[in-house]
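Shown below is the structure under consideration.
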Amino acid sequence: MIKENENLERIAKEIMRPVGLSKNFILWMSFLGVILAASLVAYAIQLQNGLTVTGMRDYVSWGMYIANFVFFVATSLVGMLITSVLGLTGISWIKPIGRIAEIIAVAFAAVAGLVIVSDMGRPDRLINVFMYGRIQSPIIWDVTVVITYLTLSTLLYFLPLIPDLAIAKTRMDHCPVWLQKLYEILSVKWGHTTEQYKIMLKSVRILMVVIVPTAFAIHTVTSWLFASTLRVGWDSTIFGPYFLTGAFVAGSAAVVIAMYVFRSSYKLEKYITAFHFDKMGKLLVLTMLVYLYFNINEYLVPAYKMKAADAKHLHELFVGSHAFLFWSVQLCGLIIPIILLIFKPFRKPVPMLILSIVILIGAWFKRLIIVVPTMEEPFLPKQHVPHEFMVYTPTVIESMITIGTIVMAIMIISILSKLFPVIPIWEMAEEAENESEHKLNE
Amino acid sequence: MLKRYFAAITILATLSQAKAEEWVVPADKAKKVSPFAFTPESKKAGEALYKANCMSCHGMPGKNNAIPLVPPPPDLAGTVAQSLEDGEFFYKITEGRGPMPSFKNSLSANDIWNIISYLRSFNDKYVQEVARKITREGITEGNIQILFKLIKENKQLQAEVMNTTAEGKKPIEGAAVKLFAKRYFGNLPIDEERETDASGMVAFDFPKDLPGDSTGMVHLSAKLVDEDAFGEVKSDTVFAIGAPTCKPALNEQRAMWNVVQKAPLWILFTYTIGVLTIWGIIFYILLQIRKIYILGKNKEILGE
Amino acid sequence: MSELINTTPTRDAGEGKQPVDRRDFLKKAGIVSAAGAVGAAAVYSGWNFQQKKPNHNMVTVRTPDNKLIEVPRDSIKTFKPILSELQKRGREGLKGKRWVMVIDLAKCRNARKCIQGCQTAHHLRPNQYHINTLTMQATENTPAYFMPKPCQHCDNPPCVSVCPVNATFKRQDGIVLIDNERCIGCRFCMAACPYSARIFNWEEPLQDNGYQEKIVAYEKALAAGDEATIDKLKYEVEYNVELNVPQKKGTVSKCLFSADRLREGKLPYCVSSCPNGVYWYGDQNEDSVTNGTTKETTRLTTLLEEKGAFQLMPELGTKPRVYYLPPKDRQFKFEDDRKPEGEA
């Protein structure tokens, strides 16, 4: 229950200040729009000519698109980690960044669905998935859980937003009329009553619980797209947790980047403080250590035994054609950041931003290094086909489409963060209230 | 010493090579000649057969475009091939050797003679010799019958070869008979080739485990081997002599790979329960949002 | 047949309406209804099987989005039933059969005639292999040999397990087919197949001239109402799931064991194209296989036993329907004239 007082007034004013359409925002969106348009042209070319415009061929039949899909699903998981796992355990420092995590979850889960369409040979037959779905196929499980997770994340984003919308709708004279109307509709007649708070908090709590198994399912199932096959490098029993922990690394890095950007461009230094970066840095170290542990399991065990097929695969990764990418990803995306982030100075906002960008890029290439080398190593020899069939070289078109999907996710994040407050006003007001009461009691 | 050693090696190599290329046709077989005269029609039929069965290795006659195999398939219009007798040609095509397949099961005698007719058309000097009809005494083509009899106890199949003459039916002695079981793509030889005894009877042992249809029925076919003497004599019958085979369809059981109607029950169950539970909760949350809305609306009304 | 057409929702209203319907459907069907549909389908299908009512109608009546022929609206009626009939029998397969192939490695000298026969029949480009002859050498000191590798038509097919839309399926006679009218092109089956047996139509597929001519003739016959020609050509121009012709861009293709030939009692294209007697093919239920070159027929069990047959990677548990006879007593010198291109 929040009170209308100067605390709320101040917080609402500060948080609502960047909301609305500014010139810079429109400029930013047009910039993204141009890139998106270019990638749409690339997609049109792909639709016209077929997947022959990509670097994929009969042996490497999955490439960048699938790696990108895994990356998107992975990054979206952070919503569950921060709001649910940390939220349910009563960790309070996540309050100002919980919504940022949910925005990332919604944006990346939504675009993940589109990414997988970009990989389809016949996107016009998408409807077949719903008409003739085979429940035995991991793709059907994936479609189901991605849709479910997107819905749950959206609700988990929307429900705690309702009180803010109600608070904000009286304080948005600087915003266009349509936005005010949108607030009016979305605030579902919120009147700050105790009963409404009770219902909202209860619903959020239910969602926080339900989203945990769903999020585990979404990424475990995504890992099963690989682990359910007999292929070398994929035929692994730890793929579920391996992917899941990797997802937390990527998602946390994405949240740190978003935190930094919102903090500096929306002038929210008061709410997203160095303290939060420090905490996120520690969280990153934790997730990365767990991920490193799974990496060691995933590579060391087969490398010890050197079964014929595994040996060839590992040779390519460790010293062969993929060695540069493999070691770059492991070192820059995992080992070096772990070492650096152990030291406090590196957990300051700017170093955190730089490291998170490196980690996130590493996370993207990590997915590529999981998908492509395995496809290049089938059990039987590759013969009587041209060189382009044997090795995978991504083309400009597919890179463009991939960039387009990333731009799309950034656009969704930008829009959500620009139209609605990125920091929960009512929770901040509540916190401030508690603090002042605390002071009075002392 | 070394010189002698090399000489020996060379001689040995030459000999073995010569031996590898030598393909001697038994004298009696080499004498065989076509039962009919080669005509433009036979040549045309032979050309089609050649293209379907021989060209993939031997290439077009006279074009020297055989595929490079070891040993190389000869150009059949060449002088070496054309120096063969008709009977030698016939024998080699029928029996095959090493890489050269045997065509006795895939081509009839007539077909093979047609192919020879086609090959001879590349040889201007060739003069054909036609077979004189060899017939057994008292035998007219078309009057010979093979009658089947099944001895169920020991799965033995008996066939009686009879010649219908003016004086009635007479058994043929010493005629070689072959028995086949009809299969989807060809005829499976049963037992050995057997000769009829004085009463025209011949007995074949039928393998105990050869599958028939669901009731054990097997389509059988018997044939007299010596076509020159008897003409083409064949007889078909169906007996319940095989092992009854009633294997289930390969896509009958519930399995991961089967259609969704035949998915393992546990997966149908788990999936359905999971989806219903989570979406039930989502629906419940949506109802809660509606409840918030109604509460707010009521407050507004009361407030006003 | 016309009844079936009427029962199908959305996509059957006619070619012209189709895109509008689909867009409309997508607009209306929100996330909720979509996932709900999947859930409901799960319940329904489970229930459906218990009720012993096979739900073939949905499968058979889908409108072809066949780009090959622009036919007048009124001719669609005569067109669809052929597709549905071909689809129906193609998905059912031949009753009481269990097809099996035996490949004699001692005979294969890489003539590549099987590949030619196959590629011609299925309208494939030279780099597209339903069957490919590979040069195999297990380890350094073991002999090299040629190994024709078709689809193994596994009895536990990993590719079929992962298909999300039942586009690839296993029939009662053991053949694993792909329906390119259904395939969404996700290529999961290609990733799942340990034998690399599947290919994808990355670009617009090849069509041989004879086929194009038939289409033109068929169109003309339709326009002129020439019933005799229509009847003659309709089976040849329509998509036949047992031949997978015409191939379609953006869909997966694979070895079909020449299901269309088997129906006519003929040996598969590759089997009958082989000049070296490599292939034996037949029905396991008859325990007999016939050689494609010599047409000799023999007992399957005897052949496998006498030659010491083996299967490809049986440890994966895929249960192939293809057997190999070891490359023993080869009557030719092994010569690998293939230029090594990035050995795997």
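Should a chain be cited, it is by its letter among A, B and C, assigned in written order, with residues numbered from 1 in that chain.
Methods note: a contact is a pair of C-beta atoms (placed from the backbone, for glycine too) under 8 Å apart; a residue touches a chain by one contact, two chains touch by 3 or more.
Computed from a predicted structure; not experimentally measured.
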Top chain pair, ranked by number of contacting C-beta pairs: A-C
Most centrally placed chain - per-chain CA mean versus overall CA mean: C
CA centroid of subunit A to CA centroid of subunit B, Å: 61
Subunit A-subunit C separation of Cα centroids, rounded to whole Å: 39
Subunit B and subunit C: spacing of chain centres that average the CA atoms, whole Å: 23
Of all residues in subunit C, the ones touching two or more other chains: 32, 35, 38-39, 41-42, 45, 158, 161, 166
Subunit B residues counted as touching two or more neighbouring chains: 256-260, 263, 268, 271, 275, 279, 282
Interface hub residues of subunit A, defined as touching at least two other chains: 133-136, 144, 148, 151
Interface residues, subunit A side, partner subunit C - complex: 49-52, 54, 56-59, 61-62, 119-140, 143-144, 147-148, 150-151, 225-226, 228-231, 375-387, 389-391
Complex interface listing, subunit C residues touching subunit A: 22, 25-26, 29, 31-32, 34-35, 37-39, 41-42, 45, 58-59, 65, 127-129, 132-136, 149, 158, 161-167, 182-188, 190-192, 194-196, 198-204, 249-252, 313, 316, 318, 338, 341-344
Subunit C residues within the subunit B interface of the complex: 32, 35-36, 38-39, 41-43, 45-46, 48-49, 54-55, 95-98, 109, 111, 113, 155-158, 160-161, 166, 169-174, 265-267, 273, 275-277, 281-283, 285-291, 293-299, 331-333, 335
Subunit B residues within the subunit C interface of the complex: 56-57, 67, 69-70, 96, 98-99, 101-106, 181, 183-189, 207, 209-211, 213-214, 245, 247, 249-252, 255-263, 265, 268-269, 271-272, 275-276, 279, 282
Touch list for subunit B against partner subunit A, complex: 256-260, 263-264, 267-268, 271, 275, 278-279, 281-282, 284-285, 288-289, 291-297, 299-300, 303
